[in-house]
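Order of writing sets the labels: A, B and C. Residues in every chain begin at 1.
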Amino acid sequence: MLGADFGVQLLQTILFGVMLGGVYALAAMGLALLFGVANLVNFAHGEYIMLAMYMAFVFSVTIFQDPVLTPLFNIPLFFAIGVITYLGIFKRLIKAPPLSQIAATVGVLVLLRNLALAIWAAEPKAPPYTVFATSFSIGPIIVPLDKLLAMAVSFVTLFLLNLFLERTRLGVAMRASADDVEAVSLMGVDTNRLFLLTTGISLALVGLSGSLIMTYQAVTPTSGLLFGLLTWAIVALAGLGTVKGILIASIIFGLADSLASGLWDPRGREIVLYGLFILILWVRPKGLFGRR
Amino acid sequence: MNSLDALVLEGISKNFGALAALTNVNMRVQVGEVVGLIGPNGAGKTTLFNIVTGFIKPDRGRVKLFGEDVTGLQPHQIAARGVARTFQIVKPFFGMTVYETVLVGAYLREKDEDNARQRAEVAMKLTGVYHLRNRYARELNTPQLKLVELARSLATQPKLLMLDEIVAGLTPAEVDAMTALVKRIRDEMGVTVLLVEHVMRFVMNISDRVVVLNYGEVIAEGSPSEVSSNLKVIEAYLGGKSGS
Amino acid sequence: MKTYSALGAAIALAAVPFLVGLNEYYLFLVTLILLYTTIVVAWQLIGGYGGQLDLGAGAYHGLGAVVTGFLMVNYGVSGWVGLLVSGAAAAGVAFLIGYPSFRLGLKEVWYALSSLALVLILQKIFLLWTDVAGPLERYIPYAEFDPVFMRAGTKIFYYYITAALLASTFLIVSRIRRSKTGLYLISIRENEEAAEMLGVDVRRYKLQALMIYSFIAAVTGGIYASMVGFYHPTLFDSWISIQTATLAIVGGLGHLLGPPIVSIILLTVQEYLRITLGAVIIGLHQVIFGIILVVIIMFKPDGLGPLIDSLARRFPASVRR
């Protein structure tokens, strides 16, 4: 397929990749916050994303007919879940060595995955209908409205998050904690409360991203692994520095995802993503902000 | 290049971003000497240690050990060439007993288990931790851990022993005991010693020669009495700000 | 004295088939439990002694199944040869991924993630590689009893092979534990920098541990494939990775007796739950696993190892850690 046709297909694929990346960025941001601020390794992050997608599905089927309004429920719900998770599990893990954190959150991973399996079984679930299931065209390129909207929501949220991190007291405390936790606690900041709120915000972002990712794909209980590895890969590439870094890294992965599916084989998509992850780990080991 | 040199540093420089940790450091330690490295906090002493032992690579310059250029080698390769080192903040093997800890060091030179065990016992007895041999490292206090760290270093049968602030936090009596111990080690085992220290009582008592570092540069060297009356040194310690 | 308890264990292992009345289904379950326990014991080398949380067991186990199965199906090669070849292949893969990882000092979460990614990458590769595997199951030729080919209709054949494998793996791991290699590995786990300063080539020893364990994990995969008579890319299963690490941690990192005992008990419980409740609530047995893991880490981070060790000391032949 050479020539103009291929060119169009390529552009289309690239557009999808960028939009997808924009949505992944939200999910990855939640992880970056938790890992950066509280130094907590959450191996179950992907499973929370999976859960958020399921809840978006549930809300859109039962309450709204349209997934567009599901964030209204998902965001507060997952903030609450974040608070509960922190109080129940994470609080104890903060001081523990990374190995213990990984092991414990793997336990959470198993729990959530099988919970989903028990409740929703193994067939993929996707919202049945959305009012935004239309698209418009820019020349030969088709732009689906729902995905565009999702990307817009994501960008706005990231922008607001950035403002929050730079302008508010809490946000600055979070950034300071990412640099030096001891200093922050020595300055009188209640780290317990800080981490509690960080977890809540982290999962609230996950809740929102769950709704948005549903515009791209259905969810199964095993989706968690993919999103988990993906968001960790984004964090590996971006480092923990800035919102912008996460966004750029997410778009890179979104592009890789889209190009692999579009130009090669949708089944090869995961090979490319995980392969890219491992490559990044090997090529930029110093960029891996190992605080320990 | 003198065949009597245990360690030679030629033009060692190291920057961490904008911070010049070490600038054109030249130094030599002769076989059998005890050399003390002093200087204010942040002067670059630990960086220098890390470069010699291979944990960091210098930006410029060369490190020579017993005549061999070892710049850029890995720590375990440097250890195999006869260097042992204690750490400023002790790094114990918490889940191991003292015996097992020291045995790890002994295995560097002794392939045979029985020989390694003997070597470990000698090292433990010399440093006075033999009675603690079956205790787990996590049960010990800091002075004991320092002695265990010394024992495991000695078990490697080093030719050059590097001590990083080994008497920090010890009582005067403990410092004197350590002074006597290091002298004994030097005499009985024939090792060359390079030590970093803040506790003047220790450094001046035990060193044959003292090198003073400030802001990553060597500003003075000589015998302990020469250095302590050197004006520049006194200034460095009292005047201005210490090196970052 | 130690030989008595070893003898006792050997007799117990040998007697099990008769204890379950030579029932084919139970023999299958017991063999499966012993296979997974073998992986857990071997995992101690990289996880318990080396201190790396490796989540690659599913990759090596799957590789063993696929390579052994492929050789048996396409080339009529004996399963025994298949085990050796797939073990070597797994060790090779372990080297390919371990060498850069350890060279670059990949720690903790990054190593765990990359080993998990390995499982999924291999699964997808073999799903696409239709010459060797592909999306359909491949069946291994049936034989009533062909010990040369390594194929039999009755599960008791596989039971004894597996029991022998478990026993040998246990012996190998306990030998290593007492040797210089074992001591070096533990020193790496406790404090890598200190170990390096004592002359320990950290990368080399980690790689050694990884390759031995991956070889053994592959062998379990090959035995499994021959036993069930087919292979498929879903045998590259992340659950095996998670299960192995969980059992090893709950059993006590670095402890000798804890992990196998805990493995056998918990795996038996898991099977029991799957049989009784599994149809009612899918995945309940795994949920229990998850809960156990979280609880143990939070309240007994050293696992049950110390407890089991102190129990073992009551017996004359103590195989302490």
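Here is the rule we use: a residue touches a chain if its C-beta (ideal position, glycine included) is under 8 Å from a C-beta of that chain, and two chains touch if they have at least 3 such contacts.
Heads up on the chains, UniProt names are A, C = Branched-chain amino acid ABC transporter permease.
Just so you know, these numbers come straight off a predicted model, no measurement behind them.
Q: Which category does the touching pattern between chains fall into here: line, ring, star, complete, or other?
A: line
Q: Would you mind checking which pair of chains has the most C-beta pairs in contact?
A: Per-pair contact counts point to A-C as the maximum.
Q: Find me the chain with the mean Cα position closest to the mean of all the protein Cα atoms on display.
A: C
Q: Subunit A to subunit C: how many Å between their CA centres?
A: Computed from C-alpha means, the inter-chain centre distance equals 32 Å.
Q: Between subunit A and subunit B, tell me the centre distance in angstrom, where each centre is the average of that chain's C-alpha atoms.
A: 48
Q: List the centre-to-centre spacing of subunit B and subunit C in whole Å, with centres computed as mean CA coordinates.
A: About 43 Å, centre to centre.
Q: Going by the contact rule already set, what residues in subunit B reach two or more other chains?
A: Nothing qualifies.
Q: Provide the residue numbers of subunit C that touch subunit B in the complex, in ascending order.
A: Residue positions touching the partner: 180, 183-184, 186-187, 189-191, 193-202, 254.
Q: Mind pulling up the subunit A residues that touch subunit C in the complex?
A: So the residues of subunit A in touch with subunit C come to 41, 43, 89, 92-93, 96, 98-100, 102-104, 106-111, 113-115, 117-118, 121, 221, 225-226, 229, 232, 236, 265, 267-268, 270-271, 274-275, 277-278, 281-282, 285, 288, 290, 292.
Q: Under the definition above, what is the set of subunit C residues touching subunit A in their complex?
A: The contact residues of subunit C facing subunit A are 51, 53, 97, 100-101, 104-110, 112-114, 116-118, 120-121, 124-125, 127-128, 238, 242, 245-246, 249, 281-284, 286-287, 289-294, 297-298, 301.
Q: Quick one: in the complex, what on subunit B touches subunit C?
A: 53, 55, 74-76, 79-80, 84-85, 87, 91-96, 100-101, 103-105, 107-108, 111, 113, 116, 149, 152-153, 156
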